[in-house]
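Just dropping this structure here.
Note that the chains are named A, B, C, D and E in the order they appear, and that numbering of residues resets to 1 at the start of each chain.
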Amino acid sequence: MIRDALLVAGKDLRLEWRSRVALNQVAPFALLVLVLFAFALDPDRGLLEKATPGLYWVAVLFSGLLALQRSFSIESADGNRDALRLSGLDPAGIFLGKVMAVGLQLLALEVLLGIGVAVLYTTPITGWILLLVTAMVATVAIAAAGTLYGVVAAGLRVRETLLPLLLLPVLAPVLIGSTRAFEAALGGTPSEGWPWVGLMGVIAVLYIVAGVFGFGPLMEES
Amino acid sequence: MIRDALLVAGKDLRLEWRSRVALNQVAPFALLVLVLFAFALDPDRGLLEKATPGLYWVAVLFSGLLALQRSFSIESADGNRDALRLSGLDPAGIFLGKVMAVGLQLLALEVLLGIGVAVLYTTPITGWILLLVTAMVATVAIAAAGTLYGVVAAGLRVRETLLPLLLLPVLAPVLIGSTRAFEAALGGTPSEGWPWVGLMGVIAVLYIVAGVFGFGPLMEES
Amino acid sequence: MIPQTPTEVTGPASTGSRATRVLGLLALVALGVLVLFGLILSPADASQGESVRIMYVHVPSATVAYIGCFLTTLGSIIYLWRKSRWWELVAYAGAEVATLFTVITLVTGMLWGRPTWGVYWVWDARLTSTAMLLLLLLGYLAVRRLPADYEVRAKRAAIVGLLLVPNVMIVRKSVDWWRTLHQKPTLLSNGLDSKIEGLMLFSLFTGFIAISLVFGWLIVHRFRLAWLEEQVESEGLDIAIAERRAEALIGEVAP
Amino acid sequence: MVHLRGAVALLGRFPALAGVDLDIDRRRIVLLRGPNGAGKTTLLRTLAGLVHVSEGEAVVLGVDLLTDRRSVRQRVGLLAHTTGLYDELTVADNVAFWARAARAERSDVDAAMARLGLDGRLRTVPVGRLSAGQRRRTSLACLIARRPELWLLDEPHAGLDQEGRDLVDQLLREATAAGATVILSSHELDRSLQLADEVVTLSGGVATRDS
Amino acid sequence: MVHLRGAVALLGRFPALAGVDLDIDRRRIVLLRGPNGAGKTTLLRTLAGLVHVSEGEAVVLGVDLLTDRRSVRQRVGLLAHTTGLYDELTVADNVAFWARAARAERSDVDAAMARLGLDGRLRTVPVGRLSAGQRRRTSLACLIARRPELWLLDEPHAGLDQEGRDLVDQLLREATAAGATVILSSHELDRSLQLADEVVTLSGGVATRDS
């Protein structure tokens, strides 16, 4: 399983290396989302600062969505699904491999967005440990849920529209949790943040487990 | 040109009629975005109400993006671009046809989101004429710019990521303009809104002209 | 049998010439003069203190970034019209260098904003429109660097580049009607009156000259590099054709 | 009809056509053959005005491809490997759209579908659910409804059953009888050598005419 | 090896296989033929464990397809029309990925690529830029590197040049000599009738064995 996961992750990252889509397109888009939000809200200091954690995570979510779509558009070639089913790769391995590749790209995005937020919204940063742990856990949760639902949407020619629809409600708790945890960290009350991290940890584990067992049947259909 | 435009628009709408992607997926997504925003911002009444026009248009933008991606995923079948080039259809006609089909779907989305906003955020609605004209003009601007950049991104297997990157900064003025116009309408000072409508009209015309002339060369390459 | 890739073919090895070396030298000298006047000779500003020295880089950078954008749009128009590769490369070089100077403007502006406004960033009209400009440029570069053939990338990028300046103008105009904190035009609107003191004004002009020279040098070199890559490619073409034809002979021996 | 002299076509940097000489008269059926990667598909796409000719002479249907590719396109019909059909639309919708885009009459559309056996149950099946051969037939129906002056067919027999193959041969003979010119590529030599008036062998991007 | 009795397979609501009886022994080369839409592709996909059998009996390689499709899949090799290759990765990357996914050795991968003539310039070309036949060869290379027990080939000759066709015949003969079983569909009867030990004709989702 681990071997298969590494094989798949390696393939995805090599493809990214050759095509540089995440680098040239997803990363600028992430910054864009930040700027856009600032447009939409009145450029009134107080409001923006209050909403920073929420906006950060909404931005992560939207650009993460793009990274996920790319991850599945790779697999959308005609007959790719059949090829994977015939390949002998362990479905759990495929799942973990894609989670790993997406997770790595997401982490890079989050660092970038973090810098963007810190600079653009001039938020003073405190509570490092909580921030880092929150980011890690939330990333795993997003990557796992995204990959699981990604395969549901994949191969239906409606990926672009279906994936966000499936994913956003599922990730709403992650959005709330990570926002609250960030607020706690930035607000100097980390102890209020940890329960949220715990919640997201539960979600992450839930989706990893669901993916490891559910990916097989999902690839199975028809 | 008009004949070709109608042929293409008819084909797109028929395809939507058969597959119901916009109806079953884009529309729920649009509502979802509204709900998500309510989550991300503190569910503090005052803040939400103040930000309603901005959030409405951000929601229109994101779900319009999906509708556009769908419009081009239709054309992404292997060899479709060649087929269009050989078809004898006037490129300007193809452009206008796709703008028409997307525009109609966008208008439907806007009505839906309007109802959503009115209900979810309990915003009292005033200044009907300005609201309607703003929506019309903004729709044309979004559809025209989106279709033009859609074909720039089309056919390269990177559509999902490239289109938002290209489109969002271009549409930022539309976002600002329509938000301000809505604010003016809802705030009871329509006269402040009209200059913004004019600005969006300029954008719409710019992109329609660029599309009518640029679509040919864009389909030409290689 | 691994065929030679076109880049292994040797061509003119340098991107410089006598003229550009002189240009580079001038740019260096001007930068030296700028450092001398900007950091040492010119006085600190009455209200802004030492931080005013950032202006000598900030303002010229913004200006040349605009020039770069203009070059991109111009090059794109001519490429679409005349299919001129030369102009396409000018457009590309313009966009890359404009991106660089936009970043410099943003960074210097932010460094300046901290002591003057107390924050690195505000959602002010000019700042926001500068950020948008950067994003538009990144969009152009993303298209120009698509993993596809030259013609495909060039044509699509040209359409984006064509709309670059109009877009910048629209973004500019739309945010101008917003709230503004940034410096209003001081130089031209007020003429050379007492607002800027003599030595500061001279330093600023030195800044313009130095940055413009650097800009020119970068554009010329970026363009030359791209051009040489093109040349090398087309030189590789004859070899490639010969190799391709050789395939045929092998094919005929064993049909 | 077709006149190429030293025509070079690049795909990316690769000279898929490395100096092709070719002259074809009206009403001929010409077979292109050659090993995989020889450039047959590229040659057909070039003649259809889809690939840019970067060197040499290239005149098709009296139009110079170096200066004007667009006006050639509407007058040729290309049967390619990729069909460009919309998977979610039915067979009838697809044929109607593509044929009417090329200004074909309604009656031609129906005749073409009937000719290829697409007038029964298959009419209302979405193209995405067709078998390989049925899909190919749909593509062919779009083509014949257009009545092109120059037919360019990339392995037209591939995927079709015996009856379909005979039908293709017959369609091509009818087309030349009606004044059109036909160029096809094929790896199925038995059948296509019988069909063709002339044979051109492509290899390494260069063409040689067989006696 | 293969035992079907009254096997029914639905695609959507359409019974693409409407009660197929079929028995195939080890080391045989079996040809499936029949008109377009007869169900050849569906039958091959069913035997590969990709399509659900809703009625009847179906046993492949000793595994009952009605209860366990997954364990069959790793032991068969399917050459389909759609290749599932990653367009942006090179030929070598693709073959390596798919072959190693099936636990093939590095040396087998290289041998397979050499066998299909993919060891020269083509190694490092992205698959999206290959010609139709070259793409097909890449797909075949993935297949032979896996060394399946049961080979299922959907029109294996299509798109290949003369040398490639001979190579396919040779590969299949070698495979049966090494103990594998081969089932192929084809519309190219001249060649495949010579190759096959047995011929099965499919029509309207029903199979009949030719004497």
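Please note the rule applied: a contact is a pair of C-beta atoms (placed from the backbone, for glycine too) under 8 Å apart; a residue touches a chain by one contact, two chains touch by 3 or more.
The chain list, named the UniProt way, goes like this: A, B = Heme exporter protein B; C, D, E = Unannotated protein.
If you're wondering where the values come from, they're calculated on a predicted model, not measured in any experiment.
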Sorted by label, the chains bordering both subunit A (Heme exporter protein B) and subunit D (Unannotated protein) are B, C, E
Top-ranked pair of chains - ranking by C-beta pairs in contact: A-B
Farthest chain (mean CA position) relative to subunit E (Unannotated protein): C
Rounded Å distance, subunit A (Heme exporter protein B) centre to subunit C (Unannotated protein) centre (Cα mean): 34
Would you kindly tell me how far, in whole Å, the mean C-alpha position of subunit D (Unannotated protein) lies from that of subunit C (Unannotated protein)? 46
Just give me the whole-number Å value for how far the CA centre of subunit B (Heme exporter protein B) lies from that of subunit E (Unannotated protein). 46
Contacts with two or more other chains occur in subunit E (Unannotated protein) at residues 81, 87-88, 162-163
In subunit B (Heme exporter protein B), which residues are in touch with two or more of the other chains? 19, 78, 157-158, 162, 165, 168-169, 172, 176, 220, 222
What positions in subunit C (Unannotated protein) touch 2 or more of the other chains? 132, 135, 138-139, 142, 147, 149, 151, 178, 255
Touching residues of subunit A (Heme exporter protein B) toward subunit B (Heme exporter protein B) in the complex: what are they? 19, 21-22, 25-26, 28-29, 32-33, 35-37, 39-42, 47, 50-51, 54-55, 57-58, 62, 66, 69-70, 73, 78, 157-162, 164-165, 168-169, 172, 175-176, 179
Which subunit C (Unannotated protein) residues qualify as touching subunit B (Heme exporter protein B) in the complex? 80, 132, 135-136, 138-139, 142-143, 146-149, 151-152, 155-156, 159-160, 162-163, 166-167, 170-171, 173-175, 177-178
Per the contact definition, I'd like the list of subunit A (Heme exporter protein B) residues that touch subunit E (Unannotated protein) in the complex. 4, 7, 11, 14-15, 18-19, 74, 77-89, 216, 220, 222
Residue ranges of subunit E (Unannotated protein) in contact with subunit A (Heme exporter protein B) within the complex: 45, 48-52, 69-70, 73-74, 76-78, 80-89, 93, 97-98, 100-103, 126
Which positions of subunit E (Unannotated protein) touch subunit D (Unannotated protein) when the two form their complex? 11-12, 14, 34-38, 41, 81, 122, 129-134, 136-137, 154-155, 157-165, 187-190
